[in-house]
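Chain nomenclature is as follows: A, B and C, assigned in order of appearance, with residue numbering initiated at 1 for each chain independently.
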Amino acid sequence: MRHRKATRKQPEFPSYFPALWPAMLAVRFVDESEARKEFAMPADNRPLEDRLRAIEDRLEILNLIASHPPSADTGADYYARAVYAEDGVIDLGGGKAANGNEAIAAIMTAPGHRAAIAGGLAHFAGLPHIALDGDRAVVTSYLQILTPHPSAEPVEVPNHGSSKGFRIHRVGANRWELVRTPAGWKIKRRTLRPLDGSEPAREILRHALAPFAAKT
Amino acid sequence: MRHRKATRKQPEFPSYFPALWPAMLAVRFVDESEARKEFAMPADNRPLEDRLRAIEDRLEILNLIASHPPSADTGADYYARAVYAEDGVIDLGGGKAANGNEAIAAIMTAPGHRAAIAGGLAHFAGLPHIALDGDRAVVTSYLQILTPHPSAEPVEVPNHGSSKGFRIHRVGANRWELVRTPAGWKIKRRTLRPLDGSEPAREILRHALAPFAAKT
Amino acid sequence: MRHRKATRKQPEFPSYFPALWPAMLAVRFVDESEARKEFAMPADNRPLEDRLRAIEDRLEILNLIASHPPSADTGADYYARAVYAEDGVIDLGGGKAANGNEAIAAIMTAPGHRAAIAGGLAHFAGLPHIALDGDRAVVTSYLQILTPHPSAEPVEVPNHGSSKGFRIHRVGANRWELVRTPAGWKIKRRTLRPLDGSEPAREILRHALAPFAAKT
């Protein structure tokens, strides 16, 4: 080991065994004499593949959550069938619930939902919080359900035309319980509760705060 | 190859050729006898550089979409000039369109747009869906256009003061067609359609669902 | 160096010094004869660890911003105490401000804030723009503050029940000035200004456009 002052026992580095290199690189980075000099901070000691996978998981989950409003606003039963686990559950509050991806998909094509879409329906998703834990994840997100406001007076905004505007029909907190499968991340359970001052929505929201609670 | 039960033919590993290591590491990870033991799932076999680049692309695109509302609400012609391709197109529906980044930039400083900004204008972006395909990407996103509501009655919210509130003037679905250039991701075409129950917005939204349609 | 036409002087590659490999891999990728063939674009020459860390920073910051609404809507003083720097500042405009994480935490449990929560309160976060600069970051984000609209007429939406709807009490622009600490990213200063047509909010928003201004 030339050009180097070893500060701890170095693991052996079998160069003929490349499958372990990322893990070994990570171990090496923990050597503070090198890592701190280069990065001025403690290095991450998880294997490279784990770090990459966690990152890709988060980005895949962002896309999964981002695809929910388009599915709801187009009545896409094929989306629900594909992203809910076969035994997935949707619990929208007030006793409105469905069990199994087929039953959830059926909601999308129900006449009432089609009528809502025809009248103008927009599910508007806020920035989600993602708590990733290996092959499971819990996403906490806000949702607005918007519709045109036909009874309002039209208002003119310069350069943006005249519009009667839209109203916010519902505001809710979602908990998405996700699980990794060979076919990608799937929804095991989605729970939605109205943000109208009642406790159940707050219980959902507190999940995003759990890591901070632990640090206190 | 010691300490290892080879389950398939291993590719040769020319250690004098480091430019190929990421690709070779990936190939090695596919060896299930090792990878599954460590990660309990099939490993990703794309080269490391490709994975990193795709991740960085997504994060750069998130920032690009996040910078649209600030540009619209400050009338930033320099933003439009920089992020639209020279032959970029903006198609806002109802015949409101512009061709070329200079024409798009000119919208930002038009007197009507300045007047809207002076009256209070907020473009509010929902969570975007990103479909990345090499040097191209399509982003599907929701947008609210908000303005103060001067004709409404003021309402007092405890600890949050009194306000006449804001109204939602428009809700729309965006399709952003992006292309990678040496100067970063640029917008080739942005299409906006109102979410008022009409079909064109739903056509835009369905793009985010394409991968799920394929899985069915 | 077989199977290769060197187009520039290659750095030496000391295989006994794995802590430097990611950096060296990056250097190698700059060799255009190889990199362009594989990726058809110039390769990134930052060390791997730097790239991974920047990516993880962005995702951690997304989660930090996403956890703000849940904290405000549940009155979570422990969140404020944990994520604000000890000398952190919150400046909500109109003279409403607090210095130090303990004072900021105290806002969360004030009777007025508790009353707002009991009446139904939803902080709704738009897509944030993240400007990362080593151990510092500035986030620019939009925020809606929503409450139920008890004086409105109930409206029935097919399949979505009847609701008096929600009103947008405030729309604001946030600047979050963050700093990396051994305990994760912390908030040094949060500044909120109303998007009511006044200049201070636009000054905040322009921060997200700075990189585009530079490119012009």
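Note that a contact is a pair of C-beta atoms (placed from the backbone, for glycine too) under 8 Å apart; a residue touches a chain by one contact, two chains touch by 3 or more.
These figures come from a predicted structure and were not determined experimentally.
**Q** In steps of 5 degrees, what rotation angle do you get fitting chain A onto chain B on the CA atoms?
**A** The best-fit rotation has an angle of 120 degrees.
**Q** Examine where the copies chain B and chain C touch and state whether the two sides share over half of their residue numbers (same) or under half (different).
**A** different
**Q** Distance-wise, how many Å sit between the C-alpha centres of chain B and chain C, to the nearest whole number?
**A** 16
**Q** Could you tell me which residues belong to chain B and also touch two or more other chains?
**A** Residues 15, 21, 48, 52, 55, 119, 121, 126-128, 167-168 of chain B each touch two or more of the other chains.
**Q** For the complex, which residues does chain C have touching chain B?
**A** Counting only chain C, the residues touching chain B are 1-4, 13, 15, 21, 24-25, 28-29, 31, 34-35, 38-44, 48, 51-52, 55, 58, 94, 110, 112-113, 115-116, 119, 121, 126-130, 140, 142, 144-145, 147, 151, 167-171, 173, 195-197, 201-202, 205-209, 212-213, 215-216.
**Q** Hey, which residues of chain A end up touching chain B in the complex?
**A** 14-23, 47-50, 52-53, 55-56, 59, 62-63, 65-67, 69-71, 73-74, 76, 78-79, 81-83, 117-122, 124-128, 135, 146, 148-149, 152-153, 155, 157-161, 163, 165-168, 180, 182-183
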